[in-house]
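Every chain is named by a letter (A, B, C, D and E) in the order it is written, and numbering of its residues begins at 1.
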Amino acid sequence: MQFDQLLQYALSGLSTGAIYALIGIGFSIIYNATGIINFAQGEFVMLGGMLTLFFLELLKLPIWAAIPCAVAAATVGGILFERLAIRPLRQATPINLVIITIGGSILIRGLAMLLWGKDTHAIPPFSGDEPIAIGGATVLPQHLWILGITVIIIAINKFYFFHTISGKAMRACAYNRRAAGLVGIDVRRMVLFSFVISSAMGAVAGIIVAPLTMVAYDVGGMLGLKGFCAAIIGGMSSGISTVLGGLILGVLESLGAGLISSGYKDAIAFIILLLLLFLRPQGLFGKAESERV
Amino acid sequence: MLRVNNVNTYYGKVHALKDVSLALGEGEIVTLIGANGAGKTTILNTISGVTPAASGEISFRSESVTALAPDRIVKLGISQVPEGRQVFKPLSVEDNLEMGAYLRYRSSEKTAAIHKDMDQVFRLFPRLEERRNQLAGTMSGGEQQMLAIGRAMMAKPKLLLLDEPSMGLAPLVVQEIFRVLERLRQETGMTILLVEQNAKAALKLADRGYVMETGKVILEGMADELMENAEVKRAYLGKEQKAAPGT
Amino acid sequence: MKKELLKFGAFALLIMLAPLAFKGGYLMTVLVFVGINTMLSIALNLLLGYAGQISLGHAGFFGLGAYLSGVLTATYGWNPWLSMALAAVIVGIVAYLIGFPILKLKGHYLAMATLGLGIIIYIVFNETVDLTGGPSGLSGIPNLSINGITFDSDLKNYYLVWIFALLMVLFSLNLANSRIGRALRAVHDSEVAARVVGVNARLLKVQIFAVSATFCALAGSLYAHTMTFISPASFGFTFSVELLTMVVIGGLGSIYGSFLGAALLTLLPEFLRAAHDYDIIIYGGLLMVMVMYMPGGLVRGIPELYRKLLKSKGKTALKSEGGVEHA
Amino acid sequence: MLEVSGISQVFGGVTALDRVSFTIAKGDITGVIGPNGAGKTTLFNIITGIYTQTAGKVLLGGADVSGLPPERLARLGLVRTFQNIELFGGMTVHENVMVGMHTKSSSGLLACGLKMPWNMAEERRIREHSLNWLDFTGIPDLADVTAGNLPFGKGRLLEIARALAVEPQIILMDEPAAGLNSQETLELAKLIQRIRETGITVVLVEHDMELIMDICDRIVVLNLGRKLAEGTPREIQDNHEVVAAYLGEDE
Amino acid sequence: MKTIQVVCSIIFLCLACSSVSFAADTIKIGALFSVTGPASFLGEPMRNTVQMVVDEVNKAGGVKGRKLELIVYDTSGDATKAVQLATKMIKNDKVVAIIGPNTSGESMAVIPVVEKEHIPLVSCAASIKITEPVKKWVFKSTPTDSLAVAKIYEHLQKSKQTNVALLTVSDGFGSSGREQLKALAGKYGIKIVSDETYGPKDTDMTAQLTKIRSSQAQAVICWGTNPGPAIIARNARQLGIKPPLYMSHGVSSKKFIDLAGDAAEGIRLSSGRALVAGMLPNSDPQKKSLQTFLKDYQNHFKAEGDTFGGHAWDAVMLIKNAIERGGDSPAAIRDQLEKARNFSGIGGVFNYSEADHAGLTKDAFVMIEVKNKGWTFAK
């Protein structure tokens, strides 16, 4: 019984954590390319879910068509955001960037509210909702979709960043913008790319999680913060450490809720985050040398 | 091939280049020497578009490149090997070289051609081939310098700008690097603008040289002439103290 | 120095006479909150504008002040003034202690840590139901009173709050023009250079963090005693962000800017009410536009705008003259 | 006055400094020179407490000050300037120098905010006293200019005035002549000599050899992280190793 | 400094202008709802309903020949704003009575204002604290949560389920429910074996439910508003939780069934009669009001009216009736409200008195069960 419980906590935590991881990677990609913490990242998660709903219900598209349309539309949103809010900024101090992305997130949320109303909506699961037993625990098919798609996205990411020219150029740019310019990489293009990728990833996260959690115009805030946490735990890397960061956060939350106190579970997550920042500001897996100050 | 006419550049409030003019002919190796802070690096960065000129004119193959962005200038055939190497440390040696050819990939040049050039870089620097899958950050300073040169060559430049390739390197390594530059010139006939503090090594390699001091070109001439010029030594070490002290 | 005093005098006079214009209308209520928000944004500005350290958790200190004061008076029947003083001291000490580890962090990491701190405090308000009343809030907090005068009307509260706010303005102005204020601004401009000439940057940052938190706690106590009811929702992350916005929109490093920012953001909903549901969009959009086109905040942006307007007037005048010539 | 003994610094496997030792005598002007990448700036950063060395000791007036943070060193009378001048750009020239008197004043935060009488008196002293240093460096007429708007050369003078306001025993200058024109460099040389006359020990890292050779009493040469030579300007100019390090080896 | 003065004077001038109120021969009623913010799902139908009722009343000739004028402000769920806006309605708009706010926190915050200014308030929030102890000027139309708790406990008692697990949301609604659930348990011989909470924005409650599963609970009571309970219903189904799931009236709208889908089947909840209006016997005193409300709402908004809107309907009607009986001064409205008897509204049959400003009994609630994506009376 005790083991079954633990298994259930772990499984629930993993699927929540996978979402945090996807959002967290979105944060890291933009951060590495531009040095910006994009507080509007959570809104792309919301857009993913809301747009899927829009294509499903209003345009009556089948789900397999609605999803790519939603991702594409959210990505366009990301491009617009970069072009209209980030690029024209004259004094791009960190504080101004924080405020402009917060302003952007309020704006996007407001637009979504006006367009689609304040109601919460359900989205049908991709393949039924008959629980599947794993050991003494149960999961839904959607959980498997979440884990599966997360793995695929991370694999695609890995492939992109390590095996394509454009991906390598982005890493080069993240490491040393000036040298990247000197070999002919257009830095502004890479910044735009980073917004494209992370808005698309945010949207995917929003879509795969929507059948479980439902969507409303205001779901982005908290998810965004948790994703940010995951990215910090992972040391702002756009790779596996942020994934681990997300999973650890998800599992800790789930265990915290199950074993300690459900009321304080978010507090537990944030206390761990604070301790981590105090003791290892470079993230749980970062090397001490790559200290970011 | 390259003409720099009366260029003035500012770093914030510092007037780093004062009416600097120089010229390079096709196939020439020209060196720019002078003490630190003389403005040598600034010239290279101004040519590369990193720190644009406030006034003056730069033309490459009779085309103006004065106000272009760095990536456009690379596209026209000017590659810089920056001071302090600045290789992409988290990327492997091979990836670094691929990044050098970034624009060629973007203009969808055949991968085979690019790989052929990579093999040529490996021929020049066999040590890079041994370490092709190693992360650039884990290599020694000399190897990183070789990689930086290789990376710049991958763009198939017509003009190579080299910024202090000997900086912080042990004498033996410096010798090796200069030997490679010599070979590079023999094999490809590449035009090179070499910024060096190590004046002897640079002048030995170069056809011509310019001497800079506090943002100005104070001397120019054939390499062997400059080698003998006492003024060069003065530019480095200050005027001789033997003659009446206090002047 | 004299100029500075004159400025303050004029400002104080303006504030003290403002009620005459409204005759106890509802705007007095709003102006009470402008006062409280001015205190809060001054507090944050001391930290952000002077010492250059961001905080996304200041609503937490505001809440701590409000709850300490509220619980001590409403539940334990303490004297409001005493509980207010105690709340300020406790919050100051807590901030001082937590300041050492937290201010070691920089930039986005500091933002994240303070954000986390704010959320933890918020959760504690929510969860310690027996003490705070939890999400339903805490009611029955008494008004402050002195010499038999109870601060129970908007007008009285206005003067109560603004006397505190003006004292804070004065304190902050004094501080800004003192060795400590200069050292803080020096740390902001170049930490390494400040340290090299003997400024203990770390200690100074922690001290100002504690002062900033104490100011927030005072504002919180005043809020609790004027509202007589508090609930955790007023002290969440959103409010921290709103405070940050006030400071940036008002103008970093300017005490009067803090007032402008607080006034604008507190009064803005009054103007946006006409826009109904569109207000959130206008709010978000305005935030972005302000940062884009007035990155120095109102306090620098307005004079600049004014100059530009003058210039463009001059230009059009010139142009028309030119036109005449050509004609 | 200042003694550096056996300083080594390793950055991520690369040795930037290798067992560097030398002593600086009280009242001297000492130059530290060397080609690019020789480790001069690293050494400077170690002495002034910005980096902590991997090995070795720094002694100030006989006391071990290794690893002390810069603010402590300032109180012990060691102060520095920066190559790319680090001014407090948002403050006036006068205020910049007033910050320099931080260690020579003591009012606490509360006293400052509440304008206590003793704080007022101290403030007046700081205000007046700091003007002397502007006079000393020859920029008293710029007192009310915002530091960020100063031309580079004047900024350099301000930085020195601010450092002098600390009333140090020893001042380290990182490339003070960088970015100055020849007239300004000349004035700088005079200023440095006047500083020495007040009894302050001066250490320079400099590339302007003329300046170094003109005003230094002793010179320390670094190359590739090691101490290459040490001596009077004459000795250094005649040292073959130094010439080789600068101009390249004769093969 | 000049600029500051200029700016200040501009701001003050603007405000002075905007605060001029126009006198007209209408009866002004204020309404405070959080049309945006976390409780907007309550505030929006309430605002719609109030607007609708006022329009209908005016169409029918108004009250005693005078038109009603509605002043609605959005509090966006912020207690501070609620207080400001309440003051604004009273001082600038000169309203004679206020409806709302719809959250307990905001209502509690507004109470000192109306008490001081002597303006009657009919709150649309659930917390028992609003009218207990009785405050002279404060009434409430939304049934107190303790009544809903009593109804559920009565049901559990009947079916002999004594061990219950609580899963409540950590916002005003949930924590007030949790308090009542704990307070009344003893009275009905109920034992609380597990007491869990979740955050209003949480997306997965399997951890809490797993813990509940391992307890000895015979029933699970969830207190929250959408979407949380829908997620809980789905999580419970996923985990195969056997004990029946009880919900509060916080989910009594069709929306809940839409969100929870199949997982909603069999869930029981305490609710007002609006959900089952069609199934009520004609003898039910509320039937007429319910049908009017539902019909009007359908006509106006092309959507199904829910209980939440209903609470606002009751509030306006109570005030309207009070004005009809006694005139339009705030004091008269207050006195007449206190004398309201046997008013059959949407939320129940109201009987206000000097000692009771909530006016309802637990019979305001019925136990309902979800069956075939619809509602039936629970056995």
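The definition used in the following text is that a residue touches a chain if its C-beta (ideal position, glycine included) is under 8 Å from a C-beta of that chain, and two chains touch if they have at least 3 such contacts.
Everything quoted here is computed from the prediction, not taken from an experiment.
Trainee: Under the document's definition of touching, what chains do subunit B and subunit E have as common neighbours?
Mentor: A
Trainee: In this assembly, which chains make contact with subunit A and also with subunit D?
Mentor: The common neighbours are B, C.
Trainee: Counting hops between chains that touch, how far apart are subunit C and subunit D?
Mentor: 1
Trainee: Could you quickly compare A-C and A-B and let me know which has more C-beta contacts?
Mentor: Counting C-beta pairs in contact for A-C and A-B gives the edge to A-C.
Trainee: Nearest whole angstrom, what separates the Cα centre of subunit B from the Cα centre of subunit C?
Mentor: Spacing between the chain centres: roughly 53 Å.
Trainee: State, to the nearest whole Å, the distance from the C-alpha centre of subunit D to the C-alpha centre of subunit E.
Mentor: Between these chains, centre-to-centre, one finds 71 Å.
Trainee: Distance-wise, how many Å sit between the C-alpha centres of subunit A and subunit E, to the nearest whole number?
Mentor: 36
Trainee: Could you tell me the distance, in whole angstrom, between the mean C-alpha positions of subunit B and subunit D?
Mentor: 32
Trainee: List, in ascending order, every residue of subunit E touching at least 2 other chains.
Mentor: In subunit E, residues 36, 170, 197 touch at least two other chains, as defined above.
Trainee: Check each residue of subunit D and list the ones that touch at least two other chains.
Mentor: none
Trainee: Give me the residue numbers in subunit A that touch at least two other chains, ranges are fine.
Mentor: 113, 263, 266
Trainee: Got a list of which chains touch which?
Mentor: Every pair of chains in contact is listed here: A-B, A-C, A-E, B-D, C-D, C-E.
Trainee: Which residues of subunit C touch subunit A in the complex?
Mentor: 48, 54, 101-102, 104-109, 111-113, 115-117, 119-120, 123-124, 126-127, 237, 241, 244-245, 248, 252, 277-278, 280-281, 283-288, 291-292, 295-296
Trainee: What does subunit D use to touch subunit B in their complex?
Mentor: Contact set of subunit D toward subunit B: 14, 35-38, 150-152, 155, 175, 178-179, 181-182, 207-214, 224, 233-234, 237, 242-243, 246-250.
Trainee: Please give the residue numbers of subunit E that touch subunit C in the complex, ascending.
Mentor: 1, 3-5, 7-8, 11-12, 14-16, 18-19, 35-36, 73-74, 77-81, 83-84, 87-92, 104-105, 108-109, 111-112, 116, 127, 129, 170-172, 174-176, 179, 197
Trainee: Any idea which subunit D residues touch subunit C in the complex?
Mentor: Touch residues, subunit D against subunit C: 48, 50, 69-71, 74-75, 79-80, 82, 86-91, 95-96, 98-103, 105, 107-109, 112-115, 119, 122-123, 126, 159, 162-163, 165-166.
Trainee: What part of subunit A is in contact with subunit E in the complex they form?
Mentor: 1, 5, 8-9, 12-13, 15-16, 113, 118-122, 129, 131, 138-140, 209, 212-214, 216, 218-219, 221-223, 253-255, 257-258, 262-263, 265-266
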